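One structure is given here, and the rest of the page talks about it.
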Amino acid sequence: MDLLSEFDQRDFERVGRELHGFAAELFPICRSITGDGLRKTLAMIQERIPLQLSEVPSGTQVFDWAVPNEWNIRDGYIKVPGGERVVDFQKFNLHVLNYSVPVRSTMTLSELKPHLFTIPEHPDWIPYRTSYYQENWGFCLSHRQMLALEEREYEVVIDSSLEAGHLTYGEFYLPGQSTDEVLISCHACHPSLANDNLSGLTVATFLARLLAGKELRYSYRFLFVPGTIGAITWLAQNEKTVANIRHGLVLTCLGDSGPFHYKKSRRGNATIDRVAAHVLHHHGEGAQILEFSPNGYDERQYCSPGFNLAVGCLMRSVWGSFPEYHSSADSLEFIKPEKLAGSLQICTAIIHVLENNCRYRNLNPFCEPQLGRRNLYGSAGGNSPGTEVHARLWVLNLSDGEHSLLDIAEQSGLPFSVIQQAAAALLQGELLERIPESDQDFSVHAGFPHESAQRHN
Amino acid sequence: MDLLSEFDQRDFERVGRELHGFAAELFPICRSITGDGLRKTLAMIQERIPLQLSEVPSGTQVFDWAVPNEWNIRDGYIKVPGGERVVDFQKFNLHVLNYSVPVRSTMTLSELKPHLFTIPEHPDWIPYRTSYYQENWGFCLSHRQMLALEEREYEVVIDSSLEAGHLTYGEFYLPGQSTDEVLISCHACHPSLANDNLSGLTVATFLARLLAGKELRYSYRFLFVPGTIGAITWLAQNEKTVANIRHGLVLTCLGDSGPFHYKKSRRGNATIDRVAAHVLHHHGEGAQILEFSPNGYDERQYCSPGFNLAVGCLMRSVWGSFPEYHSSADSLEFIKPEKLAGSLQICTAIIHVLENNCRYRNLNPFCEPQLGRRNLYGSAGGNSPGTEVHARLWVLNLSDGEHSLLDIAEQSGLPFSVIQQAAAALLQGELLERIPESDQDFSVHAGFPHESAQRHN
Amino acid sequence: MDLLSEFDQRDFERVGRELHGFAAELFPICRSITGDGLRKTLAMIQERIPLQLSEVPSGTQVFDWAVPNEWNIRDGYIKVPGGERVVDFQKFNLHVLNYSVPVRSTMTLSELKPHLFTIPEHPDWIPYRTSYYQENWGFCLSHRQMLALEEREYEVVIDSSLEAGHLTYGEFYLPGQSTDEVLISCHACHPSLANDNLSGLTVATFLARLLAGKELRYSYRFLFVPGTIGAITWLAQNEKTVANIRHGLVLTCLGDSGPFHYKKSRRGNATIDRVAAHVLHHHGEGAQILEFSPNGYDERQYCSPGFNLAVGCLMRSVWGSFPEYHSSADSLEFIKPEKLAGSLQICTAIIHVLENNCRYRNLNPFCEPQLGRRNLYGSAGGNSPGTEVHARLWVLNLSDGEHSLLDIAEQSGLPFSVIQQAAAALLQGELLERIPESDQDFSVHAGFPHESAQRHN
């Protein structure tokens, strides 16, 4: 499966425009961790990939948590009585504190102020705030807007509902030759914010389309879930499936102009960690590898000690570390078509390595085989061989049954694809044999297996 | 046992003055590896902590060594016959070569010179010299003093005795919940030298007072011994006790103004090595960790291959590396009250970690527990959690029964006390359980157990 | 066996002159991977050490290769018909493409040009080119020479033969106390090139002379083989012997003025790798350690995965990386007598460590033994001990049966010889015992033993 060539045949600029266009369609929807905005988002993804939706009733116990009541919102504003709206949800959905309970009242500015949220350091930006598990209501507005509010009475309305309903998530399962799975997860609960996390949603959707219909080694599971509670709910309801996960990526913040960051899984040396590091190393451009920490997105749940899955997190700028994070400045202009396309390319390159990594055995382990008579060597001796021959010598030297192509790529310093091509040429030259797939397992599920078994028997 | 808070409640400046005051009391005594100066020193420590004294007869075989004859000195001088003393033990006890045999003679300067020791590079300083195992006599004086001696006859008297007697050492045992021991050892054989090693003596004494009366996890053994022969004697006579030692520190050179240095035990990765490195890393101020070497103080004996104890050495400036070392410049002015108090604080911090390090088990290992409803999380979402929550997430994530609080502190980069507080909050929130003390052993005694057993059966 | 002192007693300058003189004698011979030039070279080495020669018939199957036909050459030139030779093998043997098939023809410059090889970047240098396994003929000349050729007809003659014959190699086996072997291998197939590889040939020859007649711990096997095919042939015909090889060095490019480079064996941490790194570290002068790669000289064969021998490669400048490589600029002036002698010295130092590395057991493992009463310590206490005592303390501290002298040298940072002398003094003082030779194995043969056995049964 040469996913890389497949990707490279595409028109990179067009891919970027399509990704950005999809993000632009999704942008206006008011998403939250439950409710119709989330459903509408998943439905739009479903137009592109055959997503299977699940509805989990409010109150369902999921590990230490319970699925919360469903939140929906129709309108919300602060209005001068008889006058115009000074803060208006219809204009921009960040204006209402996400998960605000309904309110309909008249109050003074002083009474209102504890419910107003601003970012004084960025007086023109509107913050994004939530209050999922503590009932509250509020408005988010620019600091300048707030300073302009006169000391008077205001009509304050949030036309929302917070009632028993469901939590919705979307799942796309792409079966491969093996039941071993690669998990691609992104959160789908942020309202009009582009980098966090429409970038993840769109890249994951396009990645799924790229893989669909291909003959794949691994099975792939794409999850579009509300952050935290969605991942917890999925894990709670799919513990048997979890045992199949061999590698995984959480995708987020993939559209901005920052360099790539890959945060390792809790294991720290899982295959996915090594693959991502390898791909980003050869990508260059200041890409950085971060150690695991228990802060972050849904890798927090996948890497909780009971699961300890080999799931890392791929980002460009790191969540929480760029000023636009969780504000109106995380707009459609903040994400760039070419950056989204580049992120899709890196995801493809990572999966390309996962799909193609394997071990071979050198059939002529005693001394080098004579590459020349097989047209695998430069014929006029006396010069140092080029990269192609160099890669072949590496593959021959390390194909002792112990080293995978990734091991060889790491040790030689050559890109995986060069090593892979060398192995292909040597295989064709009957100098290698492929070690049976059953011996190719590159990852083992760890964790608390006994407790896990007990818990659900 | 919150030793750190205990220490922090004290008046730091007053602690420093007390430490320096005790050093000043001990300073004038002429100590050696045996004799009444050593006894008097131990008696003064005994006024502060209930030291148990041992007297080991001269000639007692201790491993490859024999306890030497006991040395005592009453007077010593070089005198112009009928005139004044030009070098006078009564004025400063470094003037006599430590362990000088008696001499009473009249001789020319040329005859005297082979018995005179100076430091030409520091012409105003008086060196400290000893000759324990080779009978000799001599005088130490400033180079300037020596140059001023006229070529004439001198009356030379050392009124000392070197006879069968005893070697004395002091020991203070503080029982804890476990018979596992922490060893704190310092040498008590240097005469009027302040940093080396009245600083160690005083810090150890005050540390013992700080621990006395507390409910302790470990038992503590404080040793005040003459250097080398004292440690060897103690080890020879206490081989059964040695088997209980889990962690240990040799304390020396703790009063000068240099940055801290911790020299690792021979094991190199013992718990005490990691604890000291952790505490000093967060202390900052240029503290350095040194690899083990067989030079040094009594860690040489504790870390001999037959014992291989987990004993490191805590210093500020490294013995032998500062110009004042083993000279009259290592005076009471060379050690500072605040540096002594800071050293006591570091010792306390190290013991605090030893006392409180343990493993917990996360009772909700599958996904994060919901900290919010337990008031363990910031309630308004959308911001990155602060250090407190960060520490709790680290403790939850790594409390899989394998990682100790020290492991978590190291991996998170947070100070032990922050991690400890996080664990306490989570324990109170019933999110953790403490792993039984019997499974909390952080150190195993290694060495030559069979030979050791054979040797003394 | 104090090989180092033995070497140091020699006149370094004279050794250099002798090495260079031998290289000068060998220089004019037209060597190749078979033929009379190779035979003559081995015969000249045989005048210095009792080399045993082997003749392997053309067509003999050696692993994946076959011994090629034997090549001999008598003459070769390009001549203006009836005029003078413009390119003449008699003047310089690099002028003929090595392994050229016979040709005798008249042709235009255009017809001739595909058979001419030059180095445009170095217009005055003549390249060295070969075509062993693809029948071809050609001439190598300076770029300037080629540009001066007029467009006309030329008489073109190569008076060579390529016929069934033999491949010749030389072997010198020096038996030691153990059948465990140290392999010293160099290639002997390059014509008039000095650094690559007359430097290796001459240093290996002199090293063999230095070791001959000594009482040695290891047996030594010196191989003088044509590159690649010679090493493969030897390995194919000596698989039983291979099992005895414990350490090995390929010697090449040892006469130029560059700093030393040691390329590690495929194992990466074999004893020979550690020994070479230790010796070069203390040698200083910018010596560098290179990781294994499957490019290079005959270590490619010794380190093929089926053999995986502990064989590294010692060089000064790295083959292929200096401009003079494989050209007429790799002349007798390019190699320096003192550099050849220095290389011999480093080889001697490496073998000195292999011969003398061993483990001792401290007979007084509990506390330090009293060095003073054995005159092994400075008698006047109070000063930090010097390097000699320091080395003794290291040896005592680490001689627990686990650490070899090399381990101790590495850990202490002291040169092996200093550690070795310390051990000798302590052994004389009856403070150590030598661990029996049977427990001194520092290397184990790895590889594909079962396949190897199957393959040749």
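We just call them A, B and C in the order they show up, numbering each chain from 1.
What we mean here is this: contacts are C-beta pairs under 8 Å (C-beta built on N, C-alpha and C of every residue); 3 or more make two chains touch, one makes a residue touch a chain.
Being a predicted model, the structure only gives us computed values, none of them experimental.
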Please remove chain B from consideration and report which sets of chains remain connected through touching. one piece
Tell me whether chain A and chain B, two copies of the same sequence, contact each other through the same residue numbers or different ones, using over half shared as the line for same. different
Would you mind pulling out the distance in Å between where the CA atoms of chain A average out and where those of chain B do? 53
Out of chain C, which residues touch more than one other chain, so two or more? none
Within their complex, state which residues of chain C touch chain B. 362, 364-370, 372-373, 379-385, 390, 393-394, 396-400, 412
Which bits of chain A are touching chain B when the two form their complex? 62-65, 127-134, 136, 228, 231-232, 235-236, 266, 293-295, 300-301, 303-308, 319-320, 326, 448, 451-452, 455
